[in-house]
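What follows is a short report on a single structure.
For reference, chains read A, B, C and D in written order, and residue numbers begin at 1 within each chain.
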Amino acid sequence: MSPDPLAALSIRGIEKRFGSIVAVAGVSVDIKLGEICGLTGPNGSGKSTLFDCCTGLQKPSTGRVYAQGLDITGWDMHRIVREARVIRSFQKAVVFRALSVEENLVLCGQMIAFQGMASTFGVGPASRHRVRRLREQAGHLLELVGLSHMRHATAGQISFGQQKLLQFASMLMPEPQVILLDEPMAGVNPILIDRMMENINRANQEQGITFVVVEHNLDAMKALCHRLLVLSRGELIADGTPDAVVRDPAVVEAYLAG
Amino acid sequence: MLTDAVVNGITAGSVYALVAVGMTIIFGVLRAINFAHGEFYMLGTFGAWWGIETLDLPYIVSIPLALIIVAAIALAVGVLVMKRLIDQPFQIGIVATLGVSLVLQNVIILIFGGAYKMFDGGWIEPVEILGISLSEQRILIVVAALVIFGLLELMVHRTRFGKTIRAVSQNIEACKVVGVNVPVVVIGTFVLGCTLAALSGVLTAPVTVSLYGGMGTSITVKTFAIIVMGGVGNVSGTLFAAWILGLMESFVASYLGLQFRDAVAFTALIVVLTLLPGGLFSKRERF
Amino acid sequence: MAMTGVNVHGSYIYANPRHGLRAAGFAVLVIALAAAPLVAGDYQLHALIVSMTFLLPALGLNLILGYAGMLSFAQMAFFGIGAYSSALTAMRWGTPFWLNLVVGGLAAGIVAVPLGIPALRLRRYSFVMCTLGFAVIAQTIAKNWISVTRGDLGLSQVPRPRIALWNGGFEITSITSYYYLALVLSVLAVLAFLTLVSSAAGRYMIAIREDETLAASVGTPTWHYRMIAFALSAVFAGVGGSFYVHYFTVISPTVFDPFYANTVLVIVLGGGVGTVGGVVLGSFLFVAVSEALRIAPDLRMIAYGLLLIVIVFACPEGLLPLFIRKIRFGGGTHVP
Amino acid sequence: MPTLTRRQFAALTASTIPFSALARPARAQVAGNGGPLKIGLIVPLSGPLARFGGFASHGAELAVKQINAAGGVNGAPIELMRGDSQGTPVEAVSAARRVISDDKVQVILGDIASSATIALQPVVEDAHVILLNAASSNPDITYKAGVGGYKWSFRSYPTDELRAKVILQFGAEQKHFTRYAVLSVDSDFGRGAIAFSKKYLPQFHGEILSEDYYKDDETDFRPVLSHIKSLNVQGILSYGLPDATRLIVRQILELGLAGKVTLLGSGEFTYPDTIKVSPAVLNGAVEAAAWAPDLDNPRSLQFVADYRTAYGTKEVPNVHSYTHWEAVYLLAAAAKAAGGTEGSALRSALEAIDYDGATGKIRFDSHHQAELPMFIYEVEGGKSVEKGAFIAKVEYPA
């Protein structure tokens, strides 16, 4: 059970208990570099908790997580993002509502442009140059996701679907290796869902970013993912191509029972 | 001297507990720190003093009179101010209740003058218990605190109003959805909480003797410490936290010096919070 | 939706220093203030000085509350620490004024760090209580450390500021010179504040205020930045305290009383938390209101209290948004 | 060390001349210069110290009313502008600046809180306005006034050094006490008086066994009193607040300490309202006061009667009522002597004044400190009994 140093994420025996409740019951799985991997399962099956354990929001009770061989178990979230280049999204908290669309992107790019903490206090020409570069990069990304026209709008005032697109664009700013998306299509209208899938595919193909996507929308998952994982009651019950997995009797039963 | 310190701590703690429990239930439903809470304590003593001095009533009659007066004032404040705090960010509550506190304090100064008054009533004859001498009034305070906390526990867990209060403090949105009249609950809780503060004021007035407009301010600050230690919104936690604070203060004052009392109490509070961020009696932070 | 920390009201104007309107407004205000001694009497100048004295701790509170999302009552404790350390340095060693300012700011900032280590792990009300407790403890120390602070007697005849110049310098004594000193300090403080909040670090602080978890997910070391915000807010307060003590030339433990802390709180919340203009407006307006009400000493605090209640419900985001709206509708100026 | 001269109280009262006889020839100044006498009264009217500001305010207002009813000063009525200091330096200076700048007062009367008074000193110095203090106790106020620096600051209130000394002397000579506990207010008044007491303790062979200071809104003294009970002390040195005194007395009674310890110091121990709380506790209590309502002096008794007529019989004037009332009369006398209210003339008149107040002659020394007596009262049989008046010269640090 040694970690695969080439895997984008190597999850080894992750278990998470809250008192007597077991949310994740010993999951081990490798996410290969360059993959778009779906993670699904009924409500309460432990998908979000597994995400949390991989990204530092929660510490696993036992088990370890590796990113390309780097042991990131128990690291703080900000360190995982900065040093392991593994970034995640949240279901509800999507954008920084008081900031403008552009500022949201600049903020997310800062961790690369301003490495040391002292540099973040800089206001000289060098810092201004860095911010200008970030704005240029932001402008480019906004064009890609189709939000250029609302660059200066306050993020809290654009529609929820647009916020999700903004969120996605933000996550590309720090040039991550792995992106974990927590229900990117929930609450988004069909037209924007298509645009979202297009964006994910493009980022995957052009930048080689690995994706792990938690989603209930099975049709979208089938179209998007190279591989599908199914969790039920904290255990991994299926792992394979989307077509194979949706026909798996264990999966069907889990959904019917759930 | 040790028993003295314990008895002193418990009696002082009971006074704090009566004031603090009002604040904690108000906090529960409203999630707002009531900076004017000490002022209702002050109004209670002034109400009773007014009854005794101006209407020439005996102390026992002036108690309900004071409570009725304060409840009426609290109702007015509740309708005019507190009701509007529902769903507002908490700093709005701070400024608004600071305003209420300034108004109440200075209206009293305007009506009765800034000078201190003397409270002439109550049962202050000392009695000996376990070799410790204390006034009957203090025994009354401790008994009253126990009775009131018993009643409050019953109310919170057994009555419809109590259950509604708990429901509102746990999830105000859900309560609105199921048709709970949230403003009524908030105002009702506010009036109840303020009346409890006033009761504490009336009961302690015979032992604190003097009254003046600004007397509520320090009570408010101590009350904050207690409700945070007790775990905000926790009725029995408040009583124990108040007793613990009373005991702590009593020991510091007895063995270290009165001038260090508040500082040591707050240092202890900081230590407690550092170790148990949710307070002493709350499994998790509820608000 | 903040998952941790104090939930600050949702929508206000983001501090973008590039707003032309803001820069113009700031310039007009500074010019108007610079010209004030031509028309204002000593009393009015004094009131303006008091406003500017409170502006510094208010900016500090704005940083910690408006930009890092935590309500602190320790602000006036830091103000007091700055005042005491600055006064003691000046009285013992006759140090120049600018050095006293630095000493006051640094002393407050340094004390903030060990306090912040336990306090910043706390959330919301526990944090509020912790900072309130700190003010009480600071007052007790000031009262009981008699060999240094002279206890309740306080320090008096604190030297007036000496401004060192090539020709030897001069001592600030007249109210007009104090006024200009306060104005220079305030302008510098506001500029420093604007610079800070528009830097990358400022963006991180706003992110923490908005949503601490989300901020961490974009690589913000949240604890560090909250600590920095806390320490810097103390520095602002300490510098304010330093100016205060050299203006009033007296300091006693009463500086730790809730009165001061409440004044600063009202300035920030009433003016507009999370905005620089709001705090500037707040400090002038609330001192002006409290002074204007002196016409009726007996009714003064009642009226002040009523005003607080009315203002907070009429414009819960502080007075600044109200003013901006007026400008927008009245002058047709578009604020993006 | 101050030289202490003890006089018989009777002699002091005998020398008191009725106020109407005070008129003395005006100096060689043109009458009416500087306009009517305008006094800015800066005291706490809100906040926790408002309870003292109220008394001071009533006293000063009564004096103004009386003087104006009798024709005013130099033919013009006195004008009194009140300003709220909240007992804080910031508010005191703001209030003072306002009355100086807008109302053009020639005199500031105030504050009660020492820190506020000290903050006012440089302000009046720059504005060339007189500051007359009639209530603060911080010794710095006069150390740094007159030849000490501030030429415009005056204090017409006896010093706490005198107060602390006479109490210890009375305790040693009359009561033969040696064992003391301290329970004073945590302010410059309470702490300052105890600091002076420590200076004189060796001289009177006393020792302090415990030392506690209470906050001005303290309500629970039981822990301290329990501690004091275990120490077997004879006297409690208490320089405190009158309303706290009542609590202390009641809690002494509660703890069964009545008759076992004696309160000495200052805190209205001998006022009828205080004695009413518990005569058993207060019997033998010794108060050193700058003034007391039962001072056996016709002018003082008339003041008490007028005050109670004006503000309701229930309100007994306190020492601040009296000192501020007398201070207004003192200023009126100075204005009369100066023949006007022009600043420097008024100041010279104050420096030279020889004024007969209800408690004795008011004359300012080189530090602008009035030499005023301390009265010793003792509770005997539930009644306040005057034991003598003491006066001393203050010795200033070099």
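Here, a residue touches a chain if its C-beta (ideal position, glycine included) is under 8 Å from a C-beta of that chain, and two chains touch if they have at least 3 such contacts.
Keep in mind the model is a prediction, meaning the values are calculated, not measured.
Engineer: Find the geometric centre of each of chain A and chain B from their Cα atoms only, then give the gap between the two centres in Å, rounded to an integer.
Structural biologist: Computed from C-alpha means, the inter-chain centre distance equals 49 Å.
Engineer: Could you give the separation in Å between the centres of chain C and chain D, each centre being the mean of its C-alpha atoms?
Structural biologist: Comparing mean C-alpha positions, chain D is 37 Å from chain C.
Engineer: Roughly how far is chain A from chain C, centre to centre by C-alpha average, rounded to an integer in Å?
Structural biologist: Between these chains, centre-to-centre, one finds 40 Å.
Engineer: Please tell me the distance, in whole Å, between the geometric centres of chain A and chain D computed from their C-alpha atoms.
Structural biologist: Chain A and chain D have C-alpha centres separated by 74 Å.
Engineer: Counting only residues that touch at least 2 other chains, which ones in chain A make the list?
Structural biologist: In chain A, no residue touches two or more other chains.
Engineer: If I count partner chains per residue in chain D, which residues reach a count of at least 2?
Structural biologist: If we look for residues of chain D contacting two or more partner chains, we find 45-47, 186, 213.
Engineer: Can you pull out the residues of chain B that are in contact with at least two other chains?
Structural biologist: Those would be 105-106, 109, 217, 259, 262.
Engineer: Name the graph shape formed by the protein chains and their touching pairs; answer line, ring, star, complete or other.
Structural biologist: Graph shape here is other: it fits none of the named patterns.
Engineer: Would you please name all pairs of chains that touch?
Structural biologist: Every pair of chains in contact is listed here: A-C, B-C, B-D, C-D.
Engineer: Give every residue of chain C touching chain A within the complex, in rising order.
Structural biologist: Per the stated touch rule, the residues are 1, 3, 10-12, 14, 16, 195-196, 198-201, 203-204, 206-207, 210-211, 213-222, 224, 274, 336.
Engineer: Across the complex, what residues on chain C touch chain D?
Structural biologist: 41-44, 46-47, 50, 53, 143, 146, 151-154, 156-157, 173-175, 244, 248-252, 254, 257, 259-260, 291, 294, 297-298, 300-301
Engineer: Within the complex, which stretch of chain B touches chain C?
Structural biologist: Interface residues on chain B, with respect to chain C: 33, 81, 84, 88-92, 94-96, 98-103, 105-107, 109-110, 217, 221, 224-225, 228, 232, 259-260, 262-263, 266-267, 269-270, 273-274, 277-279, 285, 287.
Engineer: Along chain B, where are the residues that touch chain D in the complex?
Structural biologist: Spelled out, the residues of chain B in touch with chain D are 1, 4-5, 8-9, 11-12, 53, 105-106, 109, 113-116, 118, 120, 124, 126, 128, 133-135, 138, 204, 207-210, 212-215, 217-218, 249-255, 257-259, 262.
Engineer: Would you tell me which residues of chain D are touching chain C in their complex?
Structural biologist: Within the complex, chain D touches chain C at residues 45-47, 82-84, 86-90, 93-95, 97-98, 100-102, 113-115, 118-119, 121-122, 126-127, 138-140, 144, 149, 186-188, 190-192, 213.
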